[in-house]
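There are structures below to look over.
Next, two complexes with subunit A in common: one pairs it with subunit B, the other with subunit C.
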Partner chain A sequence: MAVLDVKNLSKSFGGLKAVSDVNLYVKKGELLGLIGPNGAGKTTIFNLLTGVYVPTSGTIELTGSRGERAEIGGMKPYLTARHGISRTFQNIRLFKNMTVLDNILVAMHQNARYTLLEAIFRLPRYYSQETRFAETAAHILALVGLDQKAGELASNLPYGEQRKLEIARAIATGANVIFLDEPAAGMNPSETDELASLIVNLKDEYDLTIILIEHDMKFVMGLCERIYVLDFGTIIAEGSPDEIKHNKRVIQAYLGEEA
Partner chain B sequence: MDTKKKNSKRPGFDTPVEKPAKKLAPWQSGLIGLGIVAGVYLILRILISTGVIGAYYQGILHGIFIDIIAALGLNLITGITGQFSLGHAGFMAIGAYTSAYVVLHTSGSMVSILGGILLGAVLAGVLGLLVGIPTLRLKGDYLAIATLGLGEIIRIFIQNTDQQVLGGSAGLTGYGVYAAATSPAGFELVFFGAVITFVVIRNMVKSSHGRACIAVREDEIASESMGVNLTKVKISAFVVGTFFAGLAGGLYTGYTGIIQPKSFDFMQSIEFLMIVVLGGLGNIWGTLIAAAALGVLNMFLQSFAEIRMIIYALLLVIIMLIKAGETPFFVKLRGLFKWSKWNLPFVHRKTEVE
Partner chain C sequence: MSFEEFLQQLINGVSIGSIYALAALGYTMVYGIIKLINFAHGDILMVGAYVGYACIVVLHMPFLLAMVVAVAVCGLLGVAIEKVAYRPLRHAPRITVLITAIGVSFLLEYVMMALVGAESKAYPDGSFGNGQLSVAGLSINTQQLYVVAVTIIMMIALQYIIKRTKIGKAMRAVSSDADAAQLMGISVDKTISFTFLLGSALAAVAGVMMGAMYTINPLMGMQPGLKAFIAAVFGGIGSIPGAMLGGILLGLIETLVTAVGFSAYKDLAAFVILILVLLIRPCGILGKNVREKV
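Moving on, here comes the complex of A and B:
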């Protein structure tokens, strides 16, 4: 069953066509890779799918956990988040001056069922929700190994842990479709291995569908079940890691034409 | 896949997670807070009743409490939610003129005074809502200019109304003083006004809504992607902040006994901004201390009013240079005056260990 169904998606910035006529689908529970040379339009596609950009044309259809369908193209990011889509960013965008725990709690804000007045007057619903939030947050933090650092400022975490916190934050929204934009960027091989197993574990634990952009080919080929290859804003290949490795057009896109 | 079997014991996945340790039960911390408020109130009340704090110093104290109310409101907008507002005095004027008008045209009893103050605060909040919807789309400098213009529009509007209604540029008076040092329940009015403001802002900040406000200040794109409705968060902070500006205005009315449009000009907004920035952006305890410190400073500078603005300007320049952020100005300054940071050749520098 397709969770996301993208049809004829295009995005132009002035005269530049960053993404043109992209068709892709994502199956439920899949670990999908999106690769391509620099400037191929990978992050633009992420931004279109999460609502940061409004598509120039095309449709993005999301099937929710209860089978309901929604057109999310051009929807504001906070609304796509409500539909169960969340993401991390290429250049980490944590709430730097907030604690690790608060970063997670912010992501749970959309699930808060108490009003501002209930918070101001500290009515019972505030306490019951906050307790539940704290427990869920502690659980997620333990999963990514940050439970001991819950009280630290996000900006004081080492780089690798900031990446993990961003993933944890995306999961805390309660999303079932998660976009990871270069999660392994800047990590050394052992950190990358650890991250790969963490992503698999989290996917099983929360029943997630994960779409990731990554330049580390070993990481992508080892982790993803299916891969789309993007070049100059169009999809040039789709298939399993093995198929992609031997695809002529992909090799051409990365290494150039044979002389 | 070999990634799965690598760590056989995965914390959190295979082993249970410890529940977060409970600090204090709500009723315990509530009781402590209540005790502190009652203690401070009793001490101040006794000092005033016995005449240890004379009428002059009591007046200064009232001014500080009114500043605290307005500055806490601005801190919510500017410090916590990160929306730069320079029109705070304008909203204060709405509260001030509303309450003065109500008291002037009703019996002048305690009920009408409280009703007037509350109505003024509500009207300021409603105006904050109406104005916030279009202006909060703006960012940074543009928002500052828009709110600055708004504050001036309110002031000049009042200045040019019919003298019979709002007093024009001469000001409005004759409604009596009800929050000054000489009035019977004046101290209670400003003290509990400040306490209510503090509790409301604190409770808001320490909730999911408050965390969303801080997240908006930290990173708009990330917070929106995490499901935070930017418009709603900004506007609710603005409405609560302007509500308290209105409340401060209503108390100010009863504090001075006369209100004039020029009391609510741009410089008044800057004064509130000074308090917020000095106390640390987003730091509500810092706002209390900074308001008290500036109140005392103003008391000493009363005979040279011109110098006051020069000192403010200098302070602002210094604050910008040391980039204090959420740390209160005075704490940051103390850090700067550690000799080890000055890199002097004759001072032995301790090597910092991470």
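Moving on, here comes the complex of A and C:
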């Protein structure tokens, strides 16, 4: 079953066609890779799918966890988030002045169902929800190995842990479709391996569908079940890691005509 | 100056400083979230003072109820100003919004003048308690005591909302990175509206108390507005504890300058402080020196 169904998606910036006529689908529970040379339009596609950009044309259909369908193309980002879509960023964008725990809680709070007055007067609904949030947050942090650092400011974490916190924050929104924009960027090989197994664990634990952009080919080929290759804003190949490795057009796109 | 006099001045300073602090919080919160110096903020304080006056004189409400009404009216006014004047300029250059804020300020001042006239009015005597309390040789005006008490309550409530509630966390998240916050399901527009609501409500509290202690006129917001702005910069604009501290310190400095006989120069002292702070510590006492994102 397709969670996301993208049809004829295009995005132009003035005269520049950053993404043109892209068709793709994402199956529920899939770990999908999106690769391509620099400037191919990968992040633009992420921005279109999460509502940061409004598509010039085309449709993006999301199927929710209870089978309900919604057109999310051009929807405001905070609303796509409430439809169960979340993401991380190529350049980390945590709430730097907040603690690790608060970064998680602020993401979870969008599901909170108490009012400001209930919070101020500490009514039972506030307490029960806050307790549940605290437990869930502790669980997520433990999974990414940050439970000991819950009270630290996000800006004080080392780089690799900031990346993990960003993933944890995306999951904390309650999303079931997560976009990871270059999660392994700037990591050394052992950190990358650790990240790969973390992503698999989180996917199983929270029943996630994950779409990721990555330049580290070993990482992508080892982790993803299916891969789309993007070049100059169009999809030039789709298939399993093995098929992609041997695809002529992909090799040309990466290495040039002579290869 | 005897020790008693000094203590007396200290109390005066803390009470006027509390008013500056309440108003400074509005500046600093709005700046923290949309990087705008909301020059209309002092005039919201003025509107609060007039709403309080109308409630007490025309509708014969008790003081506290009048304050609650003023808070509600000003809260909504703040939200409305943001929606009509600032939101359409969300992606405009900062200077455009700043000029708009100055325009809104004039609009509020002169619409009020057209409505109620330019002459000063005074709250009825004793509406805000006007007793004298003698403690250890000091005579404390009960008004001053109330001002400080109300301010402390407001600050505790504000800290609680910002640190502990979901809307407070959303405010901090939006001020840290609005785009990322949006992708975590936070409605940036609603969060900004709420910030204006809170800031304007605090200004109304300050306005009603000022109105009761001094006189009110349509231009009364300019001076405390500027002072609160100085207090916010002094404490570190964008920092909430900074605004509280800046306000109290500014009140103290002004009062002490007056006490040693330079009352004509107390405004000068305030602006000299502003200049010194900008020269020595541009980010204020508690402000963080944040590099611009590029």
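In this section, the second predicted complex is superposed on the first by the 258 of 259 C-alpha atoms of A that agree within 3 Å, B and C clash if a C-alpha of one lies under 4 Å from a C-alpha of the other, contacts with A are read in each partner's own complex, and residues count from 1 in each chain.
In the analysis below, a contact is a pair of C-beta atoms (placed from the backbone, for glycine too) under 8 Å apart; a residue touches a chain by one contact, two chains touch by 3 or more.
Remember, it's a predicted structure, so these values are computed and weren't measured experimentally.
Engineer: Is the arrangement of subunit B and subunit C around the shared subunit A a clash or a fit after superposition?
Structural biologist: Once both complexes are aligned on subunit A, subunit B and subunit C clash.
Engineer: With both complexes overlaid on chain A, does A:Y127 touch subunit B (first), subunit C (second), both or neither?
Structural biologist: So A:Y127 only meets subunit B here.
Engineer: In the overlay, work out which of subunit B or subunit C sits against more residues of subunit A.
Structural biologist: Of subunit B and subunit C, more residues of subunit A lie in contact with B.
Engineer: Answer with first, second, both or neither: which of subunit B and subunit C does A:K218 touch in the superposed model?
Structural biologist: neither
Engineer: With the two complexes superposed on chain A, say which partner A:N201 touches: subunit B (first), subunit C (second), both, or neither.
Structural biologist: first
Engineer: Check whether A:K245 is in contact with subunit B, with subunit C, with both or with neither, and answer first, second, both or neither.
Structural biologist: Touch partners of A:K245: none, neither subunit B nor subunit C.
Engineer: Determine, under the contact definition given at the top, whether A:E135 touches first (subunit B), second (subunit C), both, or neither.
Structural biologist: The answer is first: A:E135 touches subunit B but not subunit C.
Engineer: Where does A:R69 make contact in the superposed view: on subunit B (first), on subunit C (second), on both, or on neither?
Structural biologist: Neither partner.
Engineer: Which subunit A residues contact subunit B in one complex and subunit C in the other?
Structural biologist: 50-52, 76-78, 81-82, 86-87, 89, 93-98, 102, 105-107, 109-110, 112, 114, 116, 119-120, 169-170, 173
Engineer: Which residues of subunit A touch subunit C in the complex?
Structural biologist: 50-52, 76-78, 80-82, 86-87, 89, 93-98, 102, 105-107, 109-110, 112, 114, 116, 119-120, 169-170, 173
Engineer: Quick check on the complex: what are the subunit B residues that touch subunit A?
Structural biologist: It comes out as residues 1, 3-4, 6-7, 10-13, 17-20, 26, 30, 200, 203-204, 207-212, 214-215, 218-219, 221-230, 236, 240, 325-326.
Engineer: List the residues on subunit A that touch subunit B in their complex, please.
Structural biologist: Listed in rising order, the residues are 50-52, 76-78, 81-82, 86-87, 89, 93-98, 102, 105-110, 112, 114, 116, 119-122, 126-127, 129-130, 133-135, 137-139, 142-143, 145, 147, 150, 169-170, 173, 193, 196-197, 200-201, 205, 222-223.
Engineer: Considering only the defined contacts, which subunit C positions touch subunit A in the complex?
Structural biologist: Counting only subunit C, the residues touching subunit A are 157, 160-161, 164-167, 169-170, 172-173, 176-177, 179-188, 288.
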